[in-house]
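Common to both upcoming complexes is subunit A, partnered first by subunit B, then by subunit C.
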Partner chain A sequence: MSILEVENLSVSFKQYTDGFKEINHKVISSLNVTLEAGKILAVVGASGSGKSLLAHAILGILPSNANVSGIIKYEGKELTPIRQTALRGKEIALVPQSVNFLDPLMRVGNQVRTSVKNGDAVSAQRKVFERYRLGKEVEDMYPFQLSGGMARRTLLSTAMVSDAKVIIADEPTPGLDPVVIKEALDNFREFADNGCAVMLITHDIESALQIADKIAVFYAGTTVEIAPVEDFVGNGEAIRHPYTKALWRALPQNEFRPIPGSQPHPSSLPPGCLFEPRCEMATAECRQAPPKMRELRDGMVRCIHAT
Partner chain B sequence: MYKSKGRKLGLFILMKGVRMATLLVAICFISFLLVKNSPIDPIQAYIGADMLKVGPEQREKIAEYWGLDQPVMVQFLSWGSAVLKGDLGTSMIFRRPVSEIIGERFLNSLVLMIAAWLLSGVIGFIMGVVAAMKKGTWIDRMIKWYCFTLASTPTFWMGLLILIVFAVWLGWFPVGMGVPAGVLSENVTMVDRIQHLILPVLTISILGVANVALHTRQKLIDVLASDYVLFARARGEQGFVLFWRHGLRNVALPAITLQFAAFSELFGGAVLAEQVFSYPGLGQATVEAGLRGDVPLLLGLVIFSTIFVFVGNLLADLSYHLLDPRMREVRKL
Partner chain C sequence: MQLEAKDIGFRYGDGPWLFQGVNLTLEPGEIVGITGPSGRGKTTLCRILAGFEAPIEGAVHFNGAPLPNNGYHPVQMVLQHPEKAINPRWKMHKILNEGYQPDKELLDLLGIEREWLTRWPHELSGGELQRFCVARALGPNTRYLIADEMTTMLDANTQAQIWHAVIEIAKKREMGIIVVTHESNLMRRLCHRVIDFNK
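Then we have the complex of A and B:
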């Protein structure tokens, strides 16, 4: 059952150039993802593809000059700004990427306690610290005293104590060693196995494939493909979109072959398919209009040529 | 761990002490040279209006008695060794020991400066916080406009303006001095003293808020745009709770430091405000000593104000060591 649905989400930023001219930078365009209870959806894409903004849009914490259109539904009902304010931290929790997201002047134990919405905050915090093997002395530490692994477990604790049903993890494993990454991924699997819906935002497709149930591939602010994780095998014949195929083939253990070019900037998006300028399969038709997301073999794809 | 912390603090204080000693020696030497080379004639300052009755021979005798015929370095050393023994000399215009005058004047000024310091700190901080929380609105623009205007307003001019409005037109407060004129000192009440204090304090405070307010505003804007505030919002915190938990502590620290470091400006502001209000504090004594060539008092005041400003900066440094956990707590890993 889907718990969170994002339909046709677009996010743009107003910007003034030359003093008066107002320009709308569209950083996310017609994006669709669905989160299901007990499942992990990995959102994979390069830096600057708008992944973090997707998380901020769901939580309603975008900066005030952002324009959001489209519909986000939580448990079947539309997620209005009022509902977002009421639900964030309670039903929907964010796991941010680094220690910078902790208040530098507040003891970490207290910061975890502020996330507890029901019951005794102190005992809830102590229980979760014990569970994540954080010693008793850690609760009195300040963020600068934490190691990378401890910081990550502390951030995870804030989501754990909140009893949220939807966990959005925004790049939770940057710059960590493989053992810690493995541990982090297992923690997210645990969340899902306990009935939470997990959205794992990452640029690390390899670790995403280890634990996710579905992979949503992001390119230039939109999803080009949503595929079950089982499709990522062999030479990637089961993969639908040419960009996903290119990603798969670029991995060292596969062909280790990158494709030329780079992701277009939000201010100069191509008129048709966003991937068309770099696509081997591109035809004149691709340049006409942006392709719609369509269902294909138990997945979704945004390509007119995909089979 | 505590032992090493204590040793660290001891070393810190020792280094600061050495720095203060060298600073004082340098300041004393430079001030002494400046006064020596200025057109002040200590004999004339001492004798005053009776100058016509004193002949050249008598003047030479006085100069010899005071050691004014000695080389400058010898004069400096004899003054310096007296200062080291705690003898700052005798003020020529008050005919009393310099240390006594400074002590008495300092008490008057201290009340004035502490009141202004607290008032400008608290009001400036609140103004900065309000401006940052309401960034871009009319209230933010008002506060910014007020701060920029006042940051470029001279103290004496503001003092005159306040005198005209509150003392002359409205007549709410006395025009100047520290106590009512023509009242015996034992009959002066606390209320009298406070009434005389309000306008000078107001003058210094009104001008003093600009710095803290603008600084706090910018710092809070940075804090509100930080990752940890974003994460706090993601956890459902908002409005006043968000400010109280994460804004206040991150902004108060630099504000407190800035306020301690502003001791020099406070002293400078007090000099001008006391002059305008004829308030009998250190500032007024400084102006008198300068204008009437009272060298011992002037040098004593220079030493004292150096120590005062140095202590302010020391407190600013210490406040970081005491309040910021990143400085206070030794890394435990």
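Then we have the complex of A and C:
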């Protein structure tokens, strides 16, 4: 059952250059994703592919010069700015990247308690700290006294006590050691197993594969493929899009062989398929128009040549 | 041109010893990995080897003599977050040419496009910025490169691109590399030997 649907989302930023000259940078174009109850969707892509902007668009926290089009639906009804304000932090929770998102002047126990919407906040906070093996002394600490791993667990606790139905986790793992990563990932799996929908934003395919049910691959502001995790095996024969294949092959445990070039800048996107300039399979047809997202073998792909 | 850490120990202020009695010898052209949980002092050790920090005990020797205090430092370091390692108020060409003028060949090898040189740092992605940080660290007099989680924030393709370029240059120049990463697969792929910083 889908809880959150994003259809044809586009985001552009208005910028001024040379005084009053106005330009629009399109950073996300015709993007589609769906979050389902009990499932984890991993959103994978290079930095600058629009992963975090998608999260911010869902929560309605984009800066004021952003122009959003397309439809975001939550529980079947359109997610308007008014609903976004009402739901964020309650039914839709964000697990942000770093300790910088904690209030530096507030004891972390109190911060977690403000997220409790029903019942006794103090006991809920103590219970969740105990689960995440945060000692009793931690609730009275300030963020600067926490290690990176403890801060991460505090942020997770905040999402956990909020009774959220949708959790969006933005790059929760880089730079942590494997033990802490495993713990964080297991927590997301548990959220999902309790009936929540989880969106895990990451550039790291490996950690995504450990816990996700489906992987959505982003390239230059759009989804190029949505695939079940089972497809990521062997030499990547089951993978649909050439960019996803390239990512899979570039992993150090696979071939460690990169494709040349880099993602196009939003100000100079190619007219046809966004991946066409770097694609081995590209033909004249690819340059004509951006390909539509289509269904293929229990997944989705935005490529006319994919089989 | 050996890089040698002899019995080094370090602590911040009067705090507990972060580590003591660390010995490490790196030969030219050698690629050595350092692994271990966060907070054990891996980055601090790197900073000592690169001359950003002086050890409390022991010494670091380069080519049999103490590390130089002036001139171009033979040990260069690349950090995890490129956006924190560059001047946000400089354009990319100024950042790139601060230490020396990298040649066209190096820029091509690292996939740095000419068009990026006239841009501001905030207009480029993390992967694009990190290519500049690597180019900047690979001056002609760099003998050892320390890569402290150099590609942790990057996607798999960019990671492979940057490492292929760095390894090729290291081979050509007989440059030694220290690789700090939590990713065991990357470690296995790159390093000749691995030091566990857990002890």
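By definition in this document, the second predicted complex is superposed on the first by the 307 of 307 C-alpha atoms of A that agree within 3 Å, B and C clash if a C-alpha of one lies under 4 Å from a C-alpha of the other, contacts with A are read in each partner's own complex, and residues count from 1 in each chain.
The working rule: contacts are C-beta pairs under 8 Å (C-beta built on N, C-alpha and C of every residue); 3 or more make two chains touch, one makes a residue touch a chain.
Quick caveat: nothing in here was measured; it's all calculated off a predicted structure.
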Which of subunit B and subunit C A:147 touches, first, second, both or neither: both
Touched partner set for A:93, first subunit B, second subunit C, both or neither: first
Contacts of A:114 with subunit B and subunit C, given as first, second, both or neither: first
Contacts of A:250 with subunit B and subunit C, given as first, second, both or neither: second
Touching partner for A:61 - first (subunit B), second (subunit C), both, neither: first
Which of subunit B and subunit C A:305 touches, first, second, both or neither: neither
Which of subunit B and subunit C A:105 touches, first, second, both or neither: first
Subunit B versus subunit C as contact partner of A:158, first or second or both or neither: first
Common interface residues of subunit A - those touching subunit B in one complex and subunit C in the other: 147
Touching residues (chain side subunit C, partner subunit A) in the complex: 36-39, 80, 111, 113, 123, 125-128, 149, 152-161, 163-164, 182-186, 188-190
Contact footprint of subunit C on subunit A as seen in their complex: 44-48, 147-149, 174-181, 203, 205-206, 246-248, 250-253, 256-263, 265
Partner subunit B, residues of subunit A touching it in the complex: 56, 59, 61, 85, 88-90, 93-94, 96, 98, 100-106, 114-115, 117, 137, 141-142, 144-145, 147, 158, 162
Residues of subunit B touching subunit A in the complex: 226-228, 230-238, 245-246, 249-250, 253, 324-326, 329, 331-333
